[in-house]
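Next come the structures, one after another.
Two complexes follow with subunit A in common, the first pairing it with subunit B and the second with subunit C.
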Partner chain A sequence: MAQSAEAASISRFSRTSHRHIKQGFFSRTLPFWLLLPTLLVLIAIQFIPGVFSFFLSTQSFERGQQTFVGLRNFERVFTSSAFGESLWHTLFFLIGYVTLTLIAGFVIAQILNRKLRLSAFYITVIFIPWVLSDVVVGLIFRLFVVPDYGLFSALFANPNIFPPKGISILTTPPSTPILPDVPFPPAPALIYLIFASAWKALPFITLLILAALQTVPREVIESAAIDGADGWRTVRFITFPLILPTLVVALFNLTLSGVNGVGMVFSLTGGGPGTATEVLSYLLYTIGFGRLDFGRAAALSVFMAIINLTLILLALRISRSEREA
Partner chain B sequence: MNATLAASSHHVHRAQRRLAPWFFNGAMLIICFLVLIPVLGTVITSLKDQTEVQRNPPVLFPCDTPDGQFSLSACRWSVEGYTRILEPRPSAGTLFGFEYVGRMISVYLPNTLIYAVSGSVLVTMLAGMSGYVFSRYRFRGRRALMLAILAITGIPLLTNLIALYRMGVGLRQTFPGYEERLFVIVVYVGFFLPFSIWVVKSFFDTIPRELEEASFIDGCTPVSSLIRIVAPLAAPGLTSAFLLSFVGIWNEFIAGYLLVGKATLRTAMFGLYDFIGQFVIGYQVLAAGCIMVALPVVLMFLFFRKIFFRAMVEGALKG
Partner chain C sequence: MSKTIKQRTVALVSGALALAVLTACGGAPPATQAPAPAEATPAPAEATTAPQPAEPAAGGETTFVTWYQYDETNTDEKSDERVGNAYLRKTIPMFNEEFKGKYKWVNQPQAWDKMVLNLVAAVQGGGEVPDLMQVGADSVVTTLYQNGAMEDLTDWIKAQPWFSDLDAGAISACTGLDGKIYCVPVAETPQLVFYWSDHFPNGYPKTPEEFMTQAEALKQKNVYAITFFGSTDFDGAATTRFFFTALASFGGGYDDGKGNMLLNTPENVKAVEFIREIVAKGYAPEIVFAGKFQEEEPMKTAEAASFPTGIFGYRYVNPLRAPSGKEYNTKTEKDMLDAIEAGDVKISSFLAPEGKKPSCGLGVTGFIIPKGAKNPDGAKAYINWIMDQRNNADWVIGPGGGVPSLNTTRSAPVFQTAFYKQAIEATAGLCRPWQGTLTNPPEAQKIIATVIYKLIKEDPTADIATELQKAQDEYNRQYAPGS
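Moving on, here comes the complex of A and B:
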């Protein structure tokens, strides 16, 4: 409201201004020219490839022949056992990754919010993993568990800690599934992948939650303490509801990065052992560039784009209703 | 009875208050140490030699004497990992008397630097221009356009990669003078632009309009007001867009891996991934590679950390 009034005052001003009447075509259409390069790049790199992916998903590339096959690529992807399996892997990964990161981030942010003298130092140190790339993080974590020689390998191979025979993160296959067709419990490699990913995502989530905690007024917490609320109740009934919007942002952020992240799978496990860490994004890569089946890869990428857009629209709707409330 | 209880609880509270900072500082120090373990472990591994990284069971510090005692004088630190990546060759005409022929230092890192610098300069310029428009002008379709750009933010590069790969192949066949480098840079710009637009716009929103109006009265045209008044004030926002895109492009792996065909144009992240197959048991080389590739952005972060923190919180919450 205030903004539009201001805008109106500017335009009234410009209509009466002598200088502005003499303004050329370029100045009058300035916003368009400023936006044009951005629009061109986004159309070329985001919009056209998106539409093109959709087109490719209806094509078959068998025997060097490109033919229209309708929705058959989707059908073949969705009914393949690799897809079902990687969907489960992605789900287990997401649950572990999101929960672990949110809880750890919340605890660390709570401590940092006590305005310790060294808070700035702590947050800087904690932030280093965020600057590292997925490939570097995957490789670092891989070096710790390479069979026999990794610094943690002896720990994992210890049968007293990991009965019955000890494990080797990169090679131990998943144990026999409890339910048929559901790869649960997941392989040690998938759990290790969760830890590596959470390690990298933790700083950002901690920072987000910390920023939200700092907006919670001190008086509210203090008056709760005077009313006799202990630490846990204060967190549960005061802090938690107040920072819930930020937690939702963090949740969506983690889910999106978890669904789409692929670099760490490349350098940490390469999808293995077997297919135990093949998540959706990695499956997309193996279909598209391992087997050069662009039609089916495009179908899978359309599926992933739909997941992403749904999540984003959901996040937008939630944040808007929060803002209006 | 009651009084003593109250007194003792009061006492406990005071003691708690005095102890609390120590407790929480201690907890944070432990957390910091835990977080840094992977980094420290990698630094230590990168400074071992081939026989040390292949010991079974592994030893953290290569400092044990033959009879199993720890002794600083027995340490066998080595920079073998780094020299095997750098591959220095004596050469007369160069600065240090050596030229470094390792592909990481002579090909991959320079390529990544070119992509990251040119990509993030372009991102910053475009984000500055469109962020200004979204912050200052009201026009039909503005909201829809902003929502579309926000929606794009979440679509991963991976989704478009199949199509971009086919487009790259097509461009190469159609245009003889096709420049692969240019294509990759434009892809990076398209990928990192949407988020930067949001960061920059939120910075422009904090600059009061009155400043611009005053400059109009003083005889500025919109263009000169943008360059002289607004751009300097928006410098922190533009810097953060630059830094975030720089780190993003530097660390990007999958697009560089799939879209770059020529060996001489490959990126550092590709080089690192390639090392996994090349140095199957040269763990010290892999660790040294990680550190060399990560060090520039880590230093950059430590230097500009305040800008990073602010931009990330703004970008995530406003978006």
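Moving on, here comes the complex of A and C:
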């Protein structure tokens, strides 16, 4: 009897501890199971194509035969005149696009944060460009400035406004470069492309900054005012540091979309005039989908992936140092 | 609910999601049915290791799949592709009735500028390919040849009764760099010049000097002598259009006949000087450089007196307003045909310097049979059906958009209009494929358009020979045979 009770006790203990072990296993691994679907999706749509792109960048297709060519595709990309030029165009585009969007977004967000009458209406109106596709925005902006027929083409062609001969946004070539091999100053088309892209990105960035501004404690602003800080000093020393993490997010969001976006270039300028608006993403598109040179396109995409990864790592590092500060 | 049950539920849901993702990534089971109906635009499909025979449709028929840039289900009368769409709508039932019990034609429409890409991706990725694809551009054959995407048709095509009736130029446009024939040319699409006869009452100028004199006179009347596609848009499509027409008419071209690019020649330099002068003196409108085919706008309103473009341009250049003010306003291809019939618009070859013959680019529209086609017999039956005199003319004036490659068809009543007569007369024996022996036409196209654009617009003082040589070297360094 005593033996039987002991056996039952052992059995109960065994089941309980087994359950504990199982519970412990699930508790420990639950985050993994929750993340698994996302991980699988990421592996399927990011990791595998990424690895395949790298593989493709070492291949060449001749008469349907695939051959290993090592780093030859990279060499072909980096030694072409189009690559260097498009790298500069990308850099100029990014500087203009990010700066313009951030500054304009910040100013508009500041205005909207003052609780104007009809603020909700303004926010709704401002949000409209965000829901349009890049291609639609590009076509609309193109129609504004088509030579001779565009809504604003006469304005730009007016020599009194744009001396000495007026300009045609889509066709006026860039001025003679200040430095050899550096396509600066850019063509009017690149500046216009920056303007159109900024117009499209402005709503999201404005709302992002507005949301951040609304988290800035009013008491702090009021204290600063009592202490004699004027508007600019308040923005510079109070508002700006408090919303900096959001600005960093906005900055990298803009940079990544600027590096990778192709729709606007495609529909607005087609890379022209000449190659004046040919940015890296557009070059990648034309090499891959226009010239069917998948090996070289893959090599360029690997290069662009490295740029993207560098930017992401930089963003993470800045956010971390912000948190630590 | 206890904690354990919750954990198990979470684990179960996670597992189910994982399974769903794996299933989605693993691909669909092999198709057991006929290909998708025509309205479904196919993406390059799942990989198959080897071509399987076509699946029998109901009644023992085998499906025969085509890729056209036209869509028989699109009934929009304003569509740019309305002519081809209507043609397919009319002929698919005809073919299916005639081949009832044997073949069932299913069309899968493709975007015109993505067809080649989709085919190459499908062939190289081992995906589903059609049994027959419409080709409609000048260098497509070379591009598909370089990507190993077409079946060699040499033996078969030479054995067909209509082969001897084909125009020699059309056959050359379908011949690969290895001398084999890879496509069936049904229509030729030469580049020619449409011009307003009121602006050139004595006919289109025959020489550059004559052109410049008349251009200056037209300029005094606020009329541009010429409009053309001069931008680098569409990855350098200008190379295949007016740039080639001009260079070839001056006795130049793009290749040395051995696969190397050859740009720096005295003839090409003269031709670029000629275009440069046209631009510098304001004989062409600024919109020439805007891209997206907007250069045709001044021709529509007679603000430009002439327009070198492809023969198929007649479908897109409308509505028209003649210099006299007469309107052609159906907003269809009928406008240009009516204007030509009325004598307001005429067709000509381009000009040429003394001692040279005008020339132009030659493309063909026709068919290829892709590598891996499941039903090549169906494709060949279809080609023979199209090349039959009962059906050939319809295809040429429908999807073909050019002049017949079969000499016999040229005498059909439908080609006895002013438009076809002038087009055939203006281009007979003068045109040739722009790419010549170049092995990488898409790359060459971009390089050539960029350098010519630079010389005529961006930097009109640059030394022409030096810049042409630089562009030529850049291409040859990477793509010349043996590079």
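As a working rule, the second predicted complex is superposed on the first by the 277 of 325 C-alpha atoms of A that agree within 3 Å, B and C clash if a C-alpha of one lies under 4 Å from a C-alpha of the other, contacts with A are read in each partner's own complex, and residues count from 1 in each chain.
What we mean here is this: contacts are C-beta pairs under 8 Å (C-beta built on N, C-alpha and C of every residue); 3 or more make two chains touch, one makes a residue touch a chain.
Note that the structure is a prediction, hence the values are computed from the model and not measured.
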{"item": "Touched partner set for A:Arg76, first subunit B, second subunit C, both or neither", "value": "second"}
{"item": "First (subunit B), second (subunit C), both or neither touched by A:Pro241", "value": "neither"}
{"item": "Partner, of subunit C and subunit B, that touches more residues belonging to subunit A", "value": "B"}
{"item": "Which superposed partner A:Ser168 touches (first subunit B, second subunit C, both, neither)", "value": "second"}
{"item": "Contacts of A:Gly272 with subunit B and subunit C, given as first, second, both or neither", "value": "second"}
{"item": "Which superposed partner A:Pro159 touches (first subunit B, second subunit C, both, neither)", "value": "neither"}
{"item": "First (subunit B), second (subunit C), both or neither touched by A:Asp148", "value": "both"}
{"item": "Subunit B versus subunit C as contact partner of A:Ser301, first or second or both or neither", "value": "first"}
{"item": "Partner chain in contact with A:Ala44 - subunit B first, subunit C second, else both or neither", "value": "both"}
{"item": "Contacts of A:Pro177 with subunit B and subunit C, given as first, second, both or neither", "value": "neither"}
{"item": "Shared subunit A surface residues [contacts with subunit B and with subunit C]", "value": "19, 23, 27, 30, 34, 37, 41, 44, 142, 146, 148-149, 289, 294"}
{"item": "Subunit B residues within the subunit A interface of the complex", "value": "20-21, 24-25, 27-28, 31-32, 35-36, 38-39, 41-42, 45, 53-58, 60, 126-127, 129-130, 132-133, 137-139, 147, 149-156, 158-167, 186-187, 189-191, 193-194, 197, 209, 213, 216, 219, 221-223, 247, 250-254, 258, 269, 272-273, 276, 281, 283, 286-287, 289-290, 293-294, 297-298, 300-302, 305, 308-309, 312-313, 316-317"}
{"item": "In the complex, subunit A residues that touch subunit B", "value": "3-4, 6-7, 10, 13-14, 17, 19-20, 23, 27, 30-31, 34-35, 37-38, 41-42, 44-46, 48-50, 52-53, 56, 108, 111-112, 114, 116-118, 122-137, 139-144, 146, 148-151, 153-154, 199, 202, 204, 207-208, 211, 246, 249, 253, 256, 259-260, 262-263, 266-267, 281, 284-285, 288-289, 294, 297-298, 301-302, 304-305, 308-309, 311-313, 316"}
{"item": "Of subunit C, residues touching subunit A in the complex", "value": "3-4, 7, 10-11, 14, 17-18, 21-22, 24-25, 114, 116-117, 120, 123-124, 143, 145-149, 231-235, 285-287, 289-292, 294, 297-298, 371, 440, 442-443, 446, 450, 453-454, 457-459, 474, 478"}
{"item": "For the subunit A and subunit C complex, residues of the former touching the latter", "value": "19, 22-23, 26-27, 30, 33-34, 36-37, 40-41, 44, 61-66, 76, 80-82, 142, 146-149, 168, 170-171, 173-174, 269-275, 286, 289-294"}
